[in-house]
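As structure tokens, here come the structures.
In what follows, chain A forms one complex with chain B and a second complex with chain C.
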Partner chain A sequence: MSDEGGPGTITVASRLSGYLRGGGVLIPLITAFIAFLIGGLVVAAAGANPIDTYRAIFEGSGLNWLFPWVSGDDRTLAALNLQQTLILTTPLILTGLAVAFAFRAGLFNIGGQGQYLVGTFAAVYIGSSLDGTPALLHVVLAMVAGCVAGGLWAGIAGLLKATAGVNEVISTIMLNWTAVFLGSYLFTLGGPLHSDDPAAQSIPVSNDVLESARLPVFWGDPELQGLHIGIFIALAVTALFWVLLNRSVTGYEVRAVGFNPDAAEYAGISAGRNYVKVMAICGVLAGLAGALDVLGWQFRIATNDIAVSQVGYYGIAVALLGRNTAFGTVAAAVLFGALLNGTSVRNLDPTIFEPQLASNLTFIIQGLIVLFVSAPVLVTMLTRGRLLRRRRPTPKPEVRTGAGA
Partner chain B sequence: MSTTSDAPAGVAAGSGGTGGSRLRARLARVPRAAWLGWAGVALGIIAFYVTLPPLLLRTIVPSLVLAAAGVALAVVALRAGERRVGWGAIVACVAGIAGAYGAVNSGETNLERVVVWSALLAAALRYATPLTFAALGGVTSERAGVVNIGLEGMLLTGAFFGAWGADITSSWIGGIVIGLLAGGVMGLLHAVFSVSLRADQIVSGTAINFLALGITGFLFVKAYGTEGTPDDLPEIPDVHLPIGWIPFLGEGLEQLNLMIWIGLIAVAALSIYLFRTPTGLRHRSVGENPLAADTAGISPIRVRYYAVVASGALAALGGVFLSIGFVHSFSQNMTIGKGFIGLAAVIFGKWKPGGALAAALLFGFSSALAQRLPVFSPSTAVLFQALPYVLTLIAVAGLVGRSRPPAADGIPYERH
Partner chain C sequence: MHALLGENGAGKSTLMNVLYGLLQPDEGEIVLRGEPVRIGSPREAIGMRIGMVHQHFMLIPVMTVAENVVLASEPRKGALMDRDAAERRVRELSERFGLVVDPRAHVEDIGVGQQQRVEILRVLHRGADVLILDEPTAVLTAQETAELFKVLRALTAEGVSVIFISHKLREVLDIADRVTVLRRGVKVGTVDTSDATEASLAKLMVGRDVLFRVEKEAAAAGEALLEVEDLDVEDDRGLLAVRGLSLRVRGGEIVGVAGVDGNGQSELVEAITGLRVPRAGHIRVAGREIGGAGVRGALAAGIGHIAEDRHRRGLVLDFSLAENLALREYRRPPIRRFGLLSPKRMEQQARPLLEQYDVRGGQPQTTAGSLSGGNQQKVVIARELAEEPKVTIAAQPTRGLDVGAIEFVHSQLLEQRDAGRGVLLVSLELEEIRSLSDRVLVIYEGRIVAEFAPDVSDEELGVAMLGGKTAA
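This part shows the complex of A and B:
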């Protein structure tokens, strides 16, 4: 069941294995540190003080709430900021897991964005209809709808890989953009799911999610967009992810296929069926991220936001930086949530650094992290000090050229 | 490799076969039943065509007759074992009837406003050009064995630096040159990681996209703030050709932007380079089997470097056209997925420049149509923009003939 004419057993995961399977938190920390260092140089080149800028971003993220010496008004403000950071962290954990789970099975799921989007579509549809459903049931139904939509969407890519050998990178990219235009169609003026509200007839938005389908806020003021309980759902799913991957038959099979699909096939594990299963699970995770976003704080979809949304793409950087582990993904998601919130127009003082510049700085840092992770050789060289020391003769690596040649 | 249809033929051509005889030899190999199938496809299209301007038949009967004939041909083809083209013909005939039914039931004035062939052709070429350049970049790099997911970012880089370069040099030529160089630098970055550091090409390409988004956005805000690019940005001029009298094509091709013609010439040039020159043969050999190429004295590393840098420069040209040839301004993330459609065109066009152009034109045509469809239904026109992606999914699933990448595409090469 390998890619026809493709590289056969060589998968993205197998090539990144050195980075992804190595233990320790040192390499991700160094990677992030170098990315932030270069980001700081960019800030300096733009004529601002990098240390002040990073401190302002840090305070804008609200992470200083964790310091016990912050008190009074500062503490209140930090709490508000931290709530926003964690609201942004919630979907990043899940889209990160959606990418990480695929990596563990030797697949590269670039489709987190599309799966996230169809999750939002389904959740907003169920959340805004079914008036009169009891609150708990309604929330659960809307979340399940998001999961199912995401799972089916990603399942297409899994099915295409299992049956026709279609590279999942290509199919998930195409599904991302199909989802973007599907959403633009659904909620545009005259679209099938466009708002019924007479006041919104000239605005391309969806119906609002009903009160009964909204996730309760547990920290902060619901009127001021306090933190909804989605973060606990995301953390619970993370725990489930760990159990599923490390302590279940499914997880064993997933990892086996990820290590070597041919060997797994020989051992009686159907790689094809695993591809479908893995992609569907990834889609469920990303779809849930979308559901939590619309049920937790957005409450509606505007077509303008669909093409701009980057949550699923951030998931790639989150998973890579978090080494595809449960804990690492959460940590990386907090980092990116803090970065996104800390650089937002609302939180960053323009006299220290222009927020519009800073949000682009986030993209640059994200790009640098992904770039460094892409070349395990580079990171390994750095950590082992190979750049400084003379290279020892290494045993010949296996031949990796074309499969059919 | 023996199953790849184009490789052996291409290699033969590289060692000196003439174009005409090769084409004739290839046509002779197509069985008669397949021809009948293709005729069925054509009849399906004609069934739709007759109900559109300028013919504009207001009854569906001729379309039904034409499509019925097409289905009959398809059945013959199917019975002869030509499954793919046979089913293709049936799909074309059903689609033709559906289209004809829609056209007969819509207003004549609406049809005449939407279906203006010359304007559609010109618009299709305009929409196709950024995709064509991106796709040529993709073909160049993937034929040397380096997957380039970063096309989107390279397109965006070209778009920004084209606009910025045109602004600071006050000349569109300056814009093209600076955009081209910036794209080359992005390509070089991708090459350093994917060739020298043997990075995973898909991951490093993804990184290129993020980086390009950040860098262009950062510089854009730094240089132009909230004002946006100036209104007096130098523009790439149009080319006027005295061919308006040629029916059907003349009116559409009479006045097109210079970059559109450069794009078409680049398709031909790249096609000749890849399939008719010894250097092109070496280029492709690195994409198929770098170890063999290395053994034959070709440096896969060097070829891949050149190819990926050229890929960035080509894709950037598409961006330059977008910003100073088409929209006449730059805005953040203005390419919104055009690079990925370019990637789709590479796959849809089976990694050949001509095929990529055909795919880009098809996608460009659907964009041009989507631009005019709001006359009928604004929401459906939006859905139309998903067409390139859905078509590509269908293509890679093997429903429209297998699309097969170069054998060593995506595999880092390591010297031993």
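This part shows the complex of A and C:
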């Protein structure tokens, strides 16, 4: 215990990330439970029955499809609902991973929303042009376009941090707004990418994605917005994420920089180069989320929707609740996908709880989760780490020989 | 005043945390003022007039000294804190115990020594008459330490009991009345300091005689392995910190670089190890130029680097020991295969190293941060020396370590030398430089200003370190 000084350059993001993983799965479970409990109080305060409301939300999410005893019409309805839930889950997995990967490298990526948006722009552009391209090639090209756009967009923030020391929180938030306004410009009436369709000349939308660039629907009716194969792409990327982070040279370097940039430098790992690389990878993930949404079920971009979209921001809550791990992020994305779908106007019985209020319930629960999960670290930040450092027990080798950490 | 002495990880801090109610004893009892007590929490400890000053201060930087001192027991005026009363209270305590601090200064603006005084004031404000200090001198300069000791003497004169935790023998002999020595969690003896010497305490601590003077054979220096020529290096502000420095380390010798802190030592070490690009000059390892080749170029040429600050540079504390040991070679087989890293092979490589370098309490999966300082340094040394570097750059390799660990580090460096490899030792500890080095160089304002044999007198060395002219 004679070690003077402390690790000086460890970022708050890195500390938060370490704290989350150190706490085990119990913390996110308790966090979610308390958030739902308080959400229930809000429901009760609004004059509705919380238990009935949560049951309605659960059924609205279609998760009751998993129960074998649900049958007949209920089962058909549940299947439709579950398809919608998983459609919403797909981009949340990816924007969640985009935030989680940055966390593991000691960075806050608040820019998931902007990276997601430029991903949708690029995917809709490629998907609606290149007529005559073979279907498989076209859809792959459109997805790659989304990834590249997201990667470049986030790479700007990484480059600014590496070269000029610009805080990535600031730059990614600014890039979010830049992306929103870029989209408004591109697709507005008379904008460079505004629809060529004569019927749409008074509506600010993009061209429709061509059939050849649409992701195939594998569950449900394509006409009724069935579930596209994007969910499998997202899951495959999650597996790739795990390998990249835990088994690759890049992952080792990213984690080393995240935990201690000075020690990484001492081993010959350039922190600056890693910041660019990490942000670009995050951007690719969020950009892919945008591409899957556009190519899977939205098929066009309307400027009205751009500023309303929250997918990238939900990614932050998803990553925090998922402890920045691959599996946790998927689980948290399913939870948020279910909440979003279960509280939507279409799915919630208005006699049980006003859907307009219910969608705010989702915001409340999301906000509470972010607050609970980050609060200890914010406190730490305010006191420059002195509180947490003491609370963390320092096992003495003599006492606990071989205690695995 | 009672001192508690023991090696890193001997259980000193654990024992004190029990006294302060942070940990609960599994067995045994605590007797306070003749009564057996149970201390369930720090709050209860404070109630029993026990106060503790931790190694890492627990102050709120943006608040003033007075606000920090009265925190959680503020004098009130209505619903508000009575700022004047708080400041008065701090002044009163300051005067009584000779702890001079400005109650209105913000904690973030005052030095470490002053912050420590604030901690002590806070404890006294709560009425403590048993004061526990955990390694209070670890963060202090020699000057600040002397002032702290003055304060502690004043406190004991006022009837406060002080428990002083340390692993520094000289300090303990200096300040304490009695010393209890712990070794691996067991009390091995309590002695009066008047009957003790450094040697006798060290023997109690480590369990055997400790060689304060390193025994070594005469050097059998061979070819030049590290040559530095006319090196110019800038510091972080862009000013020249190393100016036209030249030195040479041959195989089979330890070259010590002595100097007052801040005379270009850090920049020199960073340039040689590739962390800093030199502005001009040459660095050659066994004839191969590495100036500007970066960290990987230096590693590849055969530089080993025991970094000055093992927390900041030497280790990734949140990584496992296996991952830390792989920090130099993770991109090569056998750890890397087909572009992927194998945690299993990392562990296989780590296990024999941990054994060979006697890292206690660590499995390959243990996080580095949970080891004691001495064992952390052993991990750094294991990684840097395992590949038998041609030249080892050791910067302050024993800072903050206890005598047992220091001895281990020294013997490892000597082993490098005896195997015909070169060692450049940069240290602020003159005793260390003299006992290990075969040649002693003195650095002053970025230049080597003198070279001595290791048996040089303190006076001669001191004069050269301060830039005095000698026959160099």
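In this text, the second predicted complex is superposed on the first by the 363 of 405 C-alpha atoms of A that agree within 3 Å, B and C clash if a C-alpha of one lies under 4 Å from a C-alpha of the other, contacts with A are read in each partner's own complex, and residues count from 1 in each chain.
Rule of thumb we're sticking to: a residue touches a chain if its C-beta (ideal position, glycine included) is under 8 Å from a C-beta of that chain, and two chains touch if they have at least 3 such contacts.
Predicted model, so just to flag it, every value in this text is computed and none were measured.
By the touch criterion defined above, A:370 lies against chain B but remains apart from chain C after alignment on the C-alpha atoms of chain A. By the touch criterion defined above, A:188 reaches chain B but does not reach chain C.
In the superposition on chain A, A:144 makes contact with neither chain B nor chain C.
In the superposition on chain A, A:302 contacts neither chain B nor chain C. Judged by the number of chain A residues each one touches, B leads among chain B and chain C.
Shared-chain residue A:240: touches no atom of chain B or chain C.
By the touch criterion defined above, A:357 reaches chain B but does not reach chain C.
In the superposition on the C-alpha atoms of chain A, the part of chain A touched by chain B in one complex and by chain C in the other spans residues 4-7, 396-397, 399-405. Listing the residues of chain C that touch chain A in their complex gives 8-14, 54-61, 134-135, 138-139, 167, 184-185, 273-275, 294-296, 299, 305, 307, 309-320, 323, 326-328, 330-331, 336, 339-343, 360-363, 365-367, 370-373, 375-376, 400-402. Those residues of chain B lying in contact with chain A across their complex are 1, 3-4, 149, 189, 193-194, 197-200, 202-204, 206-215, 217-218, 221-222, 226, 288-292, 332-333, 336-337, 340-341, 343-344, 347, 377-380, 382-383, 385-386, 389-390, 392-393, 396-398, 404-405, 407-414, 416. Listed in rising order, the residues of chain A touching chain B in the complex are 4-7, 10, 12, 15-16, 42, 46, 108, 110, 156, 160, 164, 166-167, 169-171, 173-175, 177-178, 180-182, 184-185, 188-192, 194, 307-308, 313, 316-317, 320, 354, 356-357, 359-371, 373-378, 396-397, 399-405. Chain contact summary for the complex, chain A toward chain C: residues 1-9, 18, 243, 246-249, 251-252, 255-256, 259-260, 262-268, 383-384, 386-387, 389-390, 394-405.
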